Structure formats: structure tokens, C-alpha cells
């Protein structure tokens, strides 16, 4: 990360289109605009921002540094000057856009979760494998893999610093649905959102369980629950048809066991993705609300010297951190997207397959589907 | 707690016998020796400490302030000068001793969990109900109910300060079995211990879920796991026949959902009973490794002023705290036993039924049994 | 902050020049490039980046989004298309550049501390007052005023939420000089740096003391110390002629007392600006290593409910926060510079005087000078 | 601490008298009653508790386990069955009682600070040296030396684990005088209390600075301040004639520098003695409000692995901890007094000089006097 090398000879800039200009489109735009100032990556041009409402997307494009805006993603993916398609549209559009873009020969980055359903996810993964054979890159946006503290945690675990992992505890707690009068939105309808907290935030937690351990979930017992069954819509109360919270116990191929608990009704927790991993030789702990910190316990030290140490993951030797500011100068949530694009561009330049691949995204979808299946059958354990 | 009143007329001291002089016998002895110095309770006399090994129990008795020692608990419960029997023996002895003592007209305090099996627990609860009709008190030693911070949390919840409770997260993590070479003991055999982490520490976590919320578990999905299948015994490796770790998702009568995770192999966690409760109007969080503190979030405050506040539960107005030292002067783990005996003695004096009763202990046993049943059937949800 | 209004009619963009392209120049560049994407401010153009080494500054300019680079700041401040001069050069150049730029009719932002010496600072403040009369804005870059948590703390204090402030504790601890073999640099020579930790980081701490309380330091007792007297230079050991650490006790006009302790040799502290303020009705606490958090204690609550609450200062109602991401999505150190430029541009647009003014910067210099004077006279208290 | 050995042959129990039955008398009584249950120390008998009010002291004696009570300390120190005199009376009585008791051949433990004035302290130290020559032990009650975490910190520092100590930051913040309507007491009058926060709590902080580093304060610059000049007495407002808060910067013989800040008006801090020590190879941090924890940073580890680790100082290998409960089972504030008496009794048994000696107490008094002298002379530095 520290001694990046410029490519041997200059290449023409890669043209980028981002589809979607709401929350995620804004975060990705920020990353595209800034990545080149901090990382040695292939040159990019912010060609076009795509959205449904012409006026709003034009305004967003101007604000976030895009050369143009457009309303028809099909036309955009057909353009010769667009080489990368970054999909920030809602989940129900992922499969259609991604497959079309891959078939059009564009590199594709798609926000998580990969899709709203398992069949869609499988179709996307298949398209990605086919595209990869033609040199086309694809990647799913589990951006928390690019939190320096979590990337460093993975390094520690891979290096055996906590020994054999036995237990992982992952939770992701938010509270924006704690108020039972918070209004109905598309995110609370199964037909548009696919699921609730499960797809939205459990997907992150499950990806982390597999990412940090390098392991694979093989079975799941799960439960889903909706605390607030109806919410105010424009014409009166509407039924919430997705979960507010989800719980799961997961078996990993290695024999480790993971627990997952996610909620969007956990009063007082704003964006608290917490992960703990306990191994035979140590442990790590992390909370996204303090994302510059990793707690690490080395159980090979004498008992009286052991303790969870709070590492500020801002040293030059830490993943990504050296590109930013001196040690102790914190980065924020948005920087994870910059790191993600840095890795995506680096893989495109080097001809390697970026990770997490669509196949990795598909594996997360399988876990989500198993949890849903288990939840519908009194939490009985389901094999993946 | 603050304005204790002395009884109207002096009573002869209550004679106490403690059965068991190991870890728990030592902790209870400390409480019996000190309770009168800090709380206005009926006078007690530390009559006799009972154990199997005559020499060792005599030494312990002298050290911990007991007038005598003995090796035969049957003789002790027959003594006229013993009014209270405090059972700190291993779980497989609880039922026999407790029932005999109650039938002999002694007030009985028994360590948790109530017993190793559900039938034994039911027999004990029946004996306690019968004894109660004759004015005999009985109580099970879930001492963490007497952590001031948790007693205060219960008050806050009962007063509606966090609104309708929706989710409870309870975990109890220790690491004394993290080392796979830690030796075999009676605690790791099903026939002597009943279960592993489940009965030993999940019982505390489950009791807290019900205690804090004033609610009742109605169904459970669970899982048990043993990370280290064999451990060194005196004559070679022996099979571990209890769980190292347990997970459960619990439904409460109110509609709330609780998760429980316990482990004795969670490297780096020494005695970490953590509890979080999320309600419609607030939340609380607690960790036994910082037992003088309670975190409380009041969601009725303006959004910009909300935050988990770290309350030092050492004010005169807090439960139990006023009897000790000025605010900010911490108490320790052992003090919970002193509070427990304070409440037990107060109930005896007042003729009220102390809590947690054997029936409350039995309810915890039913949850434990449901978790075991679920774990044996692929985590399918079991009704209590 | 939340309902920003676009200016009534479009203005031509303001041309910006940044002088200096090292650490601070890089941080300011990042802010200039991004401010318009998040805040409704007058349009700006990143015209020119200025530095001594033509090749390096050209490369930096390209990377950080500047249209041009230049090596002669005098030529740059003479350009008609440059309206704002942002001075990130070392302190010994501040006075000369700032006065010249103000006289040339440019708005000036200058990094803290205002200058290396009191006479220079006075000259700058005088020039700023004169320029202000001609509608020219000037500001000194105490960027930590724009940490949302500290801006919110100031609001709480100004609203009387902690009552009469009695004590302020401010410390700023770093460790990049803890290694006694860290090499000699211009920052360690009095003739180039003016002072060591005193001007570099005590200036921030002192500015915060005055900013948070709205109060003024009236007298100071201080001490300076150099732990490592010589450091390796290219031709052998060189004398360190500035302080590694500084201590001060300050009287405030209101009668409050503040303590300041700063060090660049505090092993393990990376960038820890900690501030605590204790008042008659409450208290606040802050640590820059957790810059999204403010601890606030409201002493008007019942004693048993009091506690330092950890507020995540990321709510829409918090200063600056609404412009970024949803609650719980953290920002980083660099964002403080974006906020600073947002406020600077807003003041230019509105014709108001931005704060901190050069006069405010001068007042900090007077405190620094008093501490130096006291330190040279056995810590005797010096009147400002 | 772990393998305590019983003395070779049984000795008759040592008779103990405690003088004073308020806050400190109560805490010491608790320690005398319990020390023998956990530590192998010479047998003691709680002979007599001494106080001014016959009825109250009799009641306290009964409650805290004393065989008798008395009102005349002179008679008590003349008794043959009293071998140890433990002085918990107010500071203005320390010298008279301690000197008389030492001359009567009693071992003496005296609460801190040693006395209210320097001359008294010198007289006491002289008497202690004379008594020591006759085999009589004396000790001053800086009980926080017996917090396991601080005793362990001293071990780490003595073993060179943080290298050469450069900076120590010590603060002791309480808030029981934050309310300006808190009533007048003897603790707020110079003639009875000697000083305010300075003698009461700065004495602890200063003792820790010297204890942890094994170093000696050689000069001091100080400041005292009284925030609330008058407080309600029984007959109207009375003048407060001692300090509410104190600040000092101290030079140590080694060249290290320490800062001390103490206050009894720091709203929200209940009993927060915080200590940080920064050395060339590491650092430690401690807060009495979390007394079972020590933070330790080892700067010899690779930079990316460094962090303050939170050690639970409850392992068998930690000072004092093995005598109590298993790891992770917290002790409280009162236990420090038990440890203090354990060490006092052990020294008496072994014929060694207990520490802190009266000479060590005198050295703390000299620092306090220097701070007062400096505070009276505009904080000018005073040599000890």
C-alpha cells in the first residue's frame, strides 16, 4: 500500500458511469472524485451519473463532479466512452443492469447485497464468470472489507495471531426504525427490498464473518422478526412486509460457530457493526462506531500482561492508512468506498480478479436464503 | 435501602450452616461474616461449615469465621441451633440436601442453578412451596440480581424508562477453557455437572433476561457446542461430555426477543456477563467486568443530546450502594453475595417470600431444558 | 446548517491559491476540492498551488486538482484571477505573505499558529483590520473549532448547559518525538519553528480553551521542557532548540482556571487532543482520537441518573454533520478543513467577518508568549 | 503473594486499637476484620475502637467487630493488650497520637496525609525513626499503593517496561463540593483541615507519582484556588479557608516532569484518580473509577501492533489478586485497606520496615508545602 508504483506507460482514462444518485450514489461519487488524489490508480473520468429524475440527477451530477447526467441506463452502458459501470440502484435492478453491462463488456461494481433473490444472484454470478473469461472485472461492494481496522484484523487472523478461530460474534445494530411512527418506504416492502435488516445489514455481518476468517458458512439456523407491523403511508397505515431484526447461528466449514444479530430498531445504536472473533491463541474486537480502532488480544503473552489492546489503525504499515494522513489522524466512513475503488481499479489495471467477486456475493446470498428458510421453519438448521 | 429500621425487639441470633467450602462456600462465608456490619439485618451466628474432607473444612471454618466444621450435612440440618442452610455443594447434591433441609424446617438458600435436572428442580420447587406454607423461606442464588447496576436497571425498566422492551442481548463469556490443555474436572462430565456453560453461566444470563424485563421466556431455539472434545485426566485423555459454549434465541411472553450466547472458551474474556436491552424509549447496557457502571440511553431526549450515559451506580439513591462507601468508591464481585444475604435475612424477618424463589429457579431450568432439547433437534424452536 | 440556501444570483467563481503543498497544503487541497459537493457555498476554482520545488509542486497540483502550479508566491498574489490566498507555508513566512496578500486585496486564510513571533502576529492583525475595512476577509486556521463535537460543545456551554465554567483541562499529546533517534528537522529549530510543542499544538489547546468557554486568558504560569537535547542531522548530532513538551496554568477573565499540557513525546498517544470542562451544572469531555464523540454530563438530572453520556455527534441537528452522511456514519480528521472553508466562504459571501480572526489568533500568540516568558522566569505568573 | 508461608511457630494475637470511627475508621475496621480470611498474616484481635461520642462509638464497635469501645485514646495506648494503634482521627490529631503511641511502644499506622503541617510531620518522622531503632513499625496509609493495578504498574516501571519515564500526569477529581450550597464542614477550615483538596487528595496523587516512578520530587510550581468562597453554616454563611482545587508542575530527580491537578468541584467525577506515565519505551494509564484495570502500552512492539491494552489486574500472578477470587472477579475500593494491613502485619512479623514510612509521608508533606509556598508567590518554582 505504501510504495505504489505508477503504471509503466500512461493509459487513456477509464470512463465511469454511476447508476443511482441517492445515498450510495453520493458515497460512490465521493470516492471516484478523490481516489486519484491519494492512490496511484489508473486515471478515471467521471463521465455520467444516471438517475430516473432528470432534474435531480443533473443537479447531483454537477455537485459531485460528473461531466454529464442521464436517465436511461441502457443508453449509458452502450457508450464507448464508458468502461466501468458502478451500480448504486436499488437491489431489484441489480441483476438486469449488471448482466447487461457485463455483456456489453463493461467492468461492473455493484452495491451489496448482490441482488434481492437467489436466482438473480446466480444469474449475475454466471454472467460475471463468463465476463471474467473475456477480461472483464466484476465486484460486489462490501465496503467494510476496506475499513483499515478490519483489513488488518483479517491479516492478523490469516497470520495465525489468534490461532484457530472458534467463535465469531457479529452484530449490526441501527435504530432508524426504532420510532414506530417512522414512515413506510420501499425499503420496508418485500417486493422492492427483498428483505429488511437481513439483506441490508446482515449481509455485511455475514460477509465479515467469512472475510475475516477466510472460512465458509455451511449451515444456518435463523429467525426474523418485525416489531412494527404497520407504518404510516401517504394514504394511511401500510403493512411492513420485511423484518426489522434477524438472528442466526452459523456453522463454518472449519468447525467454528458464528452468531449474527442485526436490527434496525436497536434504540441508541446508530451504525454499530460489532465483530468479535475468539481463537485458540487470541481474539479481536471491532465496532464500526469507532472505525479507526481495532482491539487485539494476544493470548501467547504471559497471563498477567494480556489485555485487549486498542490499536489505532492509522499507521503507515496498516492497510490503506499510509495513503492518507499521519498516524492518529482519523479517517471516516466514506473512505472505505475510496479504498474499494482503489482495489477495483488496481485489479483492472493488473488483470487480476477483484474481490469480493460476484461468486462471493452469491455465497452471502445463499446464507441469507438459508436463514430465511430456517426462519420459516421454526429455526430448524438448514444446510447450504 | 437507606433508612433501614432495626426490628422492634431483639431476637435470638439465627444459626447458619454453609454446606460446601470451595469457591462458592468461600464467597458465601465472606457475605455471612460481613452483612451485619453494613446492613440492618437479623443477627446471625456462623455456626458450622460443612465439607467432605475433615481437615480442610476445619481449616476453612477457622479462616472464614465459622464456630465449627462438620462432614455430615444430615447431622447438621438436624441441629436445633441451625436455622438457615446455605447450600454451596455441587449441583447434583442440591435436591437431596435442599428437600431434606426444608422438611427439617430450615430456611434454605441454594446456589444456582437450582439443580442438574428438571425433575430434581421440580421436586425442589414443590418442597419449597410446601415449606413456604409453614413459614419457611427458600431462595436460589442468582447473585447478579444484587449487582447494584443491574438492580437499578430493573428499576429503570420497570418504571418505563426504556419503554416497551423489544430486544435483549445477553452474553456471558469466560476463557478458562480456552486452553485445550486445561485438565479434565467434574465440571466437564455430564453426570456430575448436568451441563457445561449452559447450566453454569447461561443460567445467569437467562435469569437476567427475565429479571430485568419482568417477563417470561415462552420458547427457545438453541445450540450447544464443545470445542475441545477430550482433555487430560490423571490416567490419560478423557471425554468432555458437556458443552463449552451455548447459543439461544428466546421468545418472551410480551413479544420481545432475546439472544443468549455463553462460552467458557472466549479467549481474553475473564468474566464478561454483558447485557443490552433495547426498548421503544431507551436502552441499557452492562458488563460485569465493569460492575459498578450502567449505561443508560434516554431516547425521549432531543436526538442531538442522546447518548449512552455511564452511570456510576454508587450513589446513596442506588440499590444497596448507600450501605457501603461514598459515591465513586467501588464495590467488588463479592458484595453481590452480601446483598443477597441481606435480602434473604430481611425476607425471613418480615415473613415475606424471598426472590428468586425456587419456582423462579425452576423456570430458568425449563429454559435450559428447552435449549438442550432444541439443540438435540437441529435448533428447532421448542415451546416451554 | 441544514437548510442552506443557494445565493440569490450566480456569481463568478472565486479563484483560490494555496501556498504550500506539504502536509497542510494537502489537507487544504482536499477541502477545497470537496467543499462544494456537500455545502452550498460560493463556487470556487482551484487556480494554483504554490511551492518551492517546481517539479514536486506540479505533481502535487495535478494530483490534488489544481489547474496550475507556481513557485513564486508574489506573482500569484498579484494575479487578478486569484481572490483567495490560503497560506500553508511554514510559520516564518506567514507574516510576509499574509500582509502582502491582504494589501493586494485578497481574502486570506492562514494556518495556525498565526506567526512565529508576537511582533509578526501584531503586524498581521493590524493588516487584517485594515483589510476588513475594505471588505477583505481573513481567518486563522484553528480547524478543530470545526470538529462537530467541539462546535456542539461550545453550543452547550453557551446555552448554559454546564453552568458557570470553573475548570478546563486541555492536553494535546503526540508521540512522534518519543523516539530519541527521530531525526532533526526544521520543526526542531527555534529560528524556523519559533517554538516546539508550544506553538504547534498548545496553540490548538489554548484556542479551544477560549473558544469553548467564550472566555479570555488573562494570566499564565508556564513551563517548557526538552527531553531529547540533540538529534541526528545529516552531518552528525544537532541541538534541538525548541520544547518537546509544555505545561501551563491559565487564569480566565471569568475567574475560571485552565490547565494545558502538551507533548510530542507522549509514547502511545498519536493525536490526542483531550478537553474537559467542568461547570456548576455539568461537564463535557472530548478526545480527538474519537472525534465523532462528545461526552456530556448534565448535573441537573437526579444524582442517580447522572453520567457522562457518549453522544455520537453525527445527527442532522449537530453542527456540520447534516451535510455529510446519515447518523452514525463517521467523518474523519480531514473534514474539519472542509468545514473551515465552508465557513470562510460563507462569510465572504455574506460580508461577515470570519472567525477565528487574526485578532483571535493574536490573542493565542499572546498566551503563548506569556507562557514562554513565565517559563523563562521559574514559572512565575505573567499578566497578558 | 501466592505462596504465603505461615510463621514457624504460633504467636499470641496482636491486639489492635483503631482511633476514629467515621469514614476511615469504618474502612479500616473492615480491613482488620477480613484480612485473616484471605492472607496468611499474624493473628490479630480487634480490641478497641476509640471515638469521642461514647454511644456512637459503642454502636460502631459492635457493628464492626470490635471487642470494646473507648473515648480516651491516651488510656487505650497505655494498655498492654494493645500492640497496634491505627490512627483514623482527623489530621490535626495525628502528630500527638502517633508520637505518644510510638513512645508507648506501639506499632502505628496513620491515615494520610501524615499531618496538617510540616513541623508536625517532621516530629512524627523523627519519632518513627527512633521507634524503628527499638523494633517498632510505623506506616502512613497511602492505600492506593495497594490497588493491584497500581502495584503492578510499579512493577512494570521498575522492570523497565516503559523505559525512562519522562512525563507523569496525575489528577484526582471529585465533585462533592461542586454544589455551591453544600454545607460548611471542618474539612473546609484551614485550622482543622490544614488544606483542602491539596492535603486530602493531591497527597495521594503526589505519593503515586513518587511511588510509581521510584523517584523524588525536587521542585514545584503550584496554584491553589477556591471556587466557592462561602458556604452555609448553622448560623449563616461561613468563609471557606482552604482550596477547592490545586495544580502543580513538579520536577523529579531523574529529570522527569510531573503534572498534578486535583479538585473537589469537578462536576461528574466521583472519585477519579487518574495517572498516566509516559516513558521512552512505553506508557501506562489508570483510573480509580475502574480500579481493576491497568492500561499498558509496549512501544517495543512493531508500530502496527501497538496499543494501550486493558489488563484486568485480577490474575493470580498480579499483586494481591491471587488471595481473592478467580480472574475477572472484581474487587472494590475497600480491599486496598485489607492489602495495606496485610503488608503492615507482614512487616511486623518479619521485622522489616513497612512502606510508606513516615519519612515517605514527610516527603509528600514537603511537596505539599512547596506547592503552597509557590501558590502564595505567583507560582514561582520552589526548591524542596
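First chain written, first letter: the chains are A, B, C and D, and each begins at residue 1.
Following the convention adopted for this analysis, contacts are C-beta pairs under 8 Å (C-beta built on N, C-alpha and C of every residue); 3 or more make two chains touch, one makes a residue touch a chain.
Chain by chain, the UniProt names read as follows: A, B, C, D = Gfo/Idh/MocA family oxidoreductase.
Here the structure is a predicted model, which means the values were calculated and not measured.
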Which of A-C and A-B has more C-beta contact pairs: A-B
Most distant chain from chain C by Cα centroid: B
Shared interface numbering between chain D and chain A [over half = same, under half = different]: same
Centre distance in Å when chain A and chain D are each reduced to the mean of their C-alpha atoms: 54
Distance between chain centroids, defined by C-alpha means - chain A, chain B (Å): 42
Cα-centroid distance, chain A relative to chain C, in whole angstrom: 35
For chain B, residues contacting two or more additional chains: 269, 297, 306-308, 312, 327
Residues of chain A that touch chain D when the two form their complex: 152, 294-297, 302-313, 315-318, 327
Touching residues on chain C, where the partner in the complex is chain D: 162-163, 166-167, 169, 171, 173, 175, 178, 180, 221, 223, 225, 227, 245, 247, 249, 257, 259, 261, 263, 265-269, 278-283, 297, 299, 306-308, 374, 377-381
Parts of chain B lying in touch with chain D, wherever the complex brings them together: 23, 27, 29-30, 33-34, 36-37, 63-65, 174, 176, 269-272, 288-292, 312, 314, 324-335
